Amino acid sequence: MLTNTRTIRVQWGDCDPAGIVFYPRYFEWFDASTILLFEKATGLIKIKMLEKYDGAGLALLEARAVFKVASHYGEDIEMQTEITEFRRSTFFVKHTVRKAGTVALEGFETRLWTVRDADDPKRLKSGTMPAEIVDAFQRG
Amino acid sequence: MLTNTRTIRVQWGDCDPAGIVFYPRYFEWFDASTILLFEKATGLIKIKMLEKYDGAGLALLEARAVFKVASHYGEDIEMQTEITEFRRSTFFVKHTVRKAGTVALEGFETRLWTVRDADDPKRLKSGTMPAEIVDAFQRG
Amino acid sequence: MLTNTRTIRVQWGDCDPAGIVFYPRYFEWFDASTILLFEKATGLIKIKMLEKYDGAGLALLEARAVFKVASHYGEDIEMQTEITEFRRSTFFVKHTVRKAGTVALEGFETRLWTVRDADDPKRLKSGTMPAEIVDAFQRG
Amino acid sequence: MLTNTRTIRVQWGDCDPAGIVFYPRYFEWFDASTILLFEKATGLIKIKMLEKYDGAGLALLEARAVFKVASHYGEDIEMQTEITEFRRSTFFVKHTVRKAGTVALEGFETRLWTVRDADDPKRLKSGTMPAEIVDAFQRG
């Protein structure tokens, strides 16, 4: 399965008065990493991908993180992102964040491929994950 | 002229490792305060106001802040927002932030009332500030 | 058990290009709500509380959110926060976010009362949750 | 004079409901770029640099941005940062942000080298910018 790995330098403004990353930042980075992984799979930025495959969004059903080691300003962390399972409409994302080789935290997102409701274009409903996208992930 | 005053409790996550507000947060609060001031004037949230008056946005031309006293987690600051001048398309916003009565910082935004270009709806151009909105501000 | 309820107006800058709250914002609000709940219980801001009870922090072990209904700019959401269980060092926080009375999302944090290691003050270790604080929560 | 140039990919979560960068993000990037420039000059992260030179911070006196062209999710912007003048305690930072070679916005920060007050270590006062740091910038 395709993975995306990127290094994030922890900036001063990412940290709180305890000098460690303010935790919602990790979720910002998770969201961006998930999108970057789809870009890598499809060669398209999110908006273009949704247009091409008649999708409306990658709706978030659940997000979770398990924290092991704190990170501080000036440190580099490595975020590795992969999709652990595709179901019909739902898929599961895992983010593994390492600092100097050690797992610092793990993140998990459950997301849903949504499409516009033909009867009411303002409404979204779950769609079938396009096979072409699933294939692109599996080819790696 | 109409003004809007709101109290902001500085949260832990608003602050940096020095224990003071990470300065971009003030600009987040300026943006929200400017929008809240227009809501107060028109009785409409930004999206509804733009719809009603055929506007496309309150484009930012310039933003500036002058910092005098830092603020810390747990402190309350009072942000007072007013429009100091309306021109044809441009208007000038001033934010005065006080802590325990003392001016802690001042913010300034120059914004432009934009409309969609009839020849190309994807393009925005400067429009004439609706007189009804200017009146609502001046009535206070 | 003590609860804290607050209304959050969703601001323009809290939302993403889909016009809904960018999800890490909810975790920012969770963090602030947890701290506000401790303030309510102890009458002290976090820094003063930690000083008084020789604590070093409320370390986050796990954070999770389950999303049901999206929220948009201009909407008011109500965040209700409570501690569902205190163990010796660990405690469990639940945030219920309602929009017009309907549950829009739920958040969960597992946190640890940490203290400084006497042998190495730079290191933190789990401590025993101060009974006085637990009592304050239970008196509600 | 030393400059620092970095490319920033605009992420989905950096953008507002209009689909363009929510402007406080630029100030987050300015702050990080200023710090990265000092790292480049001194070979030290901010905290280590302040320790070595008995500094307390790079206090912000004024921040300003002039916006010309909006940026959208998926675009790459290039931020070039330089110090345009060093005075005794104060220095002036300029950030030029280009998109596909065109200037999209310019940012300006006025900052002050602060030191701890010997009579009251909790208080900060302006210090003299260390000559070694100024030299490092001028050697480029």
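Miscellaneous remarks
Order of writing sets the labels: A, B, C and D. Residues in every chain begin at 1.
We adopt the following convention: a contact is a pair of C-beta atoms (placed from the backbone, for glycine too) under 8 Å apart; a residue touches a chain by one contact, two chains touch by 3 or more.
Here the structure is a predicted model, which is why all the values come from computation and not from measurement.
Over half of the residue-numbered contact pairs of A-D are shared by just one pair in B-C, C-D or A-C, which is B-C.
The most distant chain from subunit A, with centres taken as the mean of CA atoms, is B. Interface comparison, B-D against A-B: more C-beta pairs in contact at B-D. If you average the CA atoms of subunit A and of subunit B, the two centres end up 32 Å from each other. If each chain is reduced to the centroid of its CA atoms, subunit B and subunit C end up 29 Å from each other.
Averaged C-alpha coordinates give centres for subunit B and subunit D that are 24 Å from one another.
Across the assembly, subunit A contributes residues 12-13, 17-18, 22, 24, 28, 31, 47, 73 that each touch 2 or more other chains. The touching residues of subunit A, when paired with subunit B in their complex, are 12-13, 15-19, 22, 24, 73. Only residues 11-13, 28, 31-32, 35, 45-47, 73-74 of subunit A touch subunit D when the two sit together in their complex. Taken together, the subunit B residues at the contact with subunit D in this complex read 17-18, 22-25, 27-28, 31, 47, 57, 59-67, 70.
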